[in-house]
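Each in structure tokens, the structures are laid out below.
Here subunit A shows up in two complexes: once beside subunit B, once beside subunit C.
For the complex of A and B:
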């Protein structure tokens, strides 16, 4: 019996994990989420809230792909909402090929889940005539936000755009010249941005932004990453090279709570809580079985 | 002759990039080399595609065990390539004023790539749970320490663990113990990178010849 429990069929474990995730999503427990005051997420929120001037411009790099969008999209959505609330302009870009599309998705989610109506441009870069629903605030592509798209080159792209944005990204993600847009036509390089934000799921990501943007050009930088990679970036945070850090879904949920705009991350925390508890339970139980077996065998 | 040229070219470019970091007068040279780098890396994407094509066509020709996967990979690659190049990346204007339709490329990306990628990543949760049950044993004092640390961090990371001093202990582990270890790894890796870079600049190692 004990041997059977030690070598439990993995399909039983899979079913238990599936239920631990599914049930809290279907029947939310509404566990309170308490961001740590002065913690990495609080620092990121406070920097964007207090240090970036109203009407300023933020560069947001979407360095992730669909595999990790569940963790990184919620923090991107929360930060874009925060920027729009404070009338801060957002310039999106990507060092990952799929990042440009992830940015588009984030703008769509902001449109669908906030009071902001995002007004796109046509294929010639001319603003479309869109009826703004009552109670919604219009945010215009080219004036309030722009998506520069993907550029191959990793660290070289950051070095190049630091001083020459116009030649590094001559066109936006849809092939329209960035000189046509009020937001980007006068930005020469990093000097045109009040804050840089990198949302990263690997390489290229936060380390190269720290090496070039934060260290070489002394620009304020905030990072967002998957939970599994967050421990690797704490040295940058303590050294002040990162002004804030959001790690995984918990980081995104903390930001949503600070912004008072609960989203998908806050809703996912119940499922993550139960899943973590289940894994802890597995570890404890398997160790009890393991040591019981050893004792029985007299080892 | 060719080898000497490559070594000299690598040395000059590397030295220029290092020198420009300390000498503002060389910034123009650094900018130019950065732009060259971006162009070369962009072309390397084509090289990568060519490599994938050759490797998988050879597998199909040799009737390798992975032939079905190679066929799927090549079909997927060409469908995405053609949908982007032929049908474009710009939104297609519909007859209804101010409404845009997704491009074929976007449609394929959103309906195939996004769900499949996130499915693969989410499978990790199942395998981590299974691995934790089977392999995470307190066999040695070191393994016990790792187990206790994992226990506390996992609990402190989620709202259900926000009681007693669990969040404070989790922060201590992450910000003190973890950061000290990460710094040691980072500094060690950085020193290793410097020595490898020097070896490449001086032509002792020539990865570009492989």
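For the complex of A and C:
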């Protein structure tokens, strides 16, 4: 019996993990999500809520691609909603090639899941004619939000845009001059932003934003990252180089709870918790088997 | 209700997800198909993307359309990289690589020293007594205790990597304490990694549920 369990076919474990994820997604348990007061996510939320003035401008860098959208999209959506709720303007950019597309997806998700109707522009920068549904608030491209798109160059881009945004990003993601838009025409560099937010899945990401924007230019910076990289960025938080940090789906769920706008991350927390309990069970049981086997072999 | 294009895309992405998951049972042609498709599409996508987003705006437009001749240097350095494919003149590519490595090192050295080393060392010199109570951070004694843990943890972990003297006595004991701190941090890192991988699985499962629900909706069964 013991031998059978020790040599258990790993595919049985795969099926059990799959069920542990699938069942809570189909039948939500609504387990409580409690963000830690004063914790990394709470600090991020409070900074955007209290320290960024209403009508201010935030720069949000989408440094990730579809491989990690599950973790980073929910936090991006929650933060854009938070900005729009407080009438804060959002300038999106990307240091990753697919980041600009991720930003577009996030704006679309904000439109689909909130009271905000996003009004785009055409390829000449002219606002499209859109009927605003009753109960929705219009947010206009060029006035309330802009997507600058992707720029190759990593650290060079940050250093360049810190002093000269107009030359670093002369065109937005659609090829329209950023001088055409009210939101961006007067922004010279980092001075035009009240807060920088980096959503990062690797390199280039949070480290270079911390090193250049937060340290050299002393700009307030909030980070959002995959769970894998969250422990590595905690020292930046402790040192005050990051004003807040959201790690993985849990970080996104905490932000959604603080914003009182449950989204995809909150929905995934039941599955996450049940799967974690199952993995803890596996670790405990396998250790019991391991030590039992060793004792038996010792005899 | 999804549009026809969204519906087709949903089916393609869902089937490819199942093809990849099939590897968990055993290696099979469906998994191979998905793997090769992914590699091929990624390579093609990035070649086209780099051409449109890097080569054209950063070289072709300034050099050819705007007549900025200084961009010839970038063009020549770029061409020299390609010489790696020809063994007889492959050494020329070192000029480009040297330029890139030198530039990035020069830029990164200052910011890494400022942002990582100096700031992190500075913020490890923390008070342990006389800290005022804070409504968010908690009582002063608690903050002092947290600071003490950081100071001891950093020092003990650094001593573990000090190899110029045999690790015995006080040095050995501190190094052992350092191992404990390192193991706890590795454990936290591993826990976060498990969480990240499960998040990806949750994302795919959510996608498959969405696929089934939309299919039922389109077929009018629900």
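A few comments on the model shown:
Operating definition for what follows: the second predicted complex is superposed on the first by the 298 of 299 C-alpha atoms of A that agree within 3 Å, B and C clash if a C-alpha of one lies under 4 Å from a C-alpha of the other, contacts with A are read in each partner's own complex, and residues count from 1 in each chain.
Definition applied: a residue touches a chain if its C-beta (ideal position, glycine included) is under 8 Å from a C-beta of that chain, and two chains touch if they have at least 3 such contacts.
In this text, all values refer to a predicted model and were calculated from it rather than measured experimentally.
Residue by residue along subunit A, subunit B and subunit C are tallied for touches, and B comes out ahead.
By the touch criterion defined above, A:55 reaches neither subunit B nor subunit C. In the overlay built on the shared chain, the residue A:17 is in contact with subunit B and with subunit C. Of the two partner chains placed around the shared chain by superposition, subunit B and subunit C are both touched by A:152.
Of the two partner chains placed around the shared chain by superposition, subunit B is the only one that A:164 touches, whereas subunit C remains out of contact. Residue contacts after overlaying the shared chain place A:129 against subunit B, while subunit C stays out of touching range. By the touch criterion defined above, A:34 lies against subunit B but remains apart from subunit C after alignment on the C-alpha atoms of chain A.
Look at A:286: by the touch rule set out above, it reaches subunit B but stays clear of subunit C. In the superposed model, A:240 makes contact with subunit C only, not with subunit B. Shared-chain residue A:272: touches subunit B and subunit C both. Within subunit A, the residues touched by subunit B in the first complex and by subunit C in the second are 14, 17-18, 21, 68-70, 152, 156, 159, 216, 227, 231-232, 235, 238, 248, 250, 272, 275-276, 279. For subunit A in complex with subunit B, the residues that touch the partner chain are 7-8, 10, 13-14, 16-18, 21, 31-34, 36, 39, 65-70, 98, 101, 105, 120, 122-123, 128-130, 151-154, 156-157, 159-160, 163-164, 167-168, 173-175, 216, 227, 231-232, 234-235, 238, 248, 250, 269-270, 272-280, 282-283, 285-287, 290. The residues of subunit B lying in touch with subunit A in their complex are 21, 27, 30-31, 34-35, 37-38, 41-42, 44-45, 89-91, 93, 97-98, 100, 106, 109-110, 113-118, 120-122, 125-126, 128-130, 132-134, 136-138, 147, 150-151, 154-155, 157-162, 167, 171, 174-175, 178-179, 182-183, 186.
Interface residues of subunit A, counted against subunit C in their complex, comprise 11, 14, 17-18, 21-22, 25-26, 37-38, 68-71, 97, 150, 152, 155-156, 159, 207-208, 210-212, 214-216, 226-228, 230-232, 235, 238-241, 247-250, 264, 267-268, 271-272, 275-276, 279.
Only residues 24-25, 46, 49-50, 53-54, 58, 104, 107-108, 111-112, 114-116, 119-120, 122-123, 136-138, 150, 185, 188-189, 192-196, 198-203, 205-206, 209 of subunit C touch subunit A when the two sit together in their complex.
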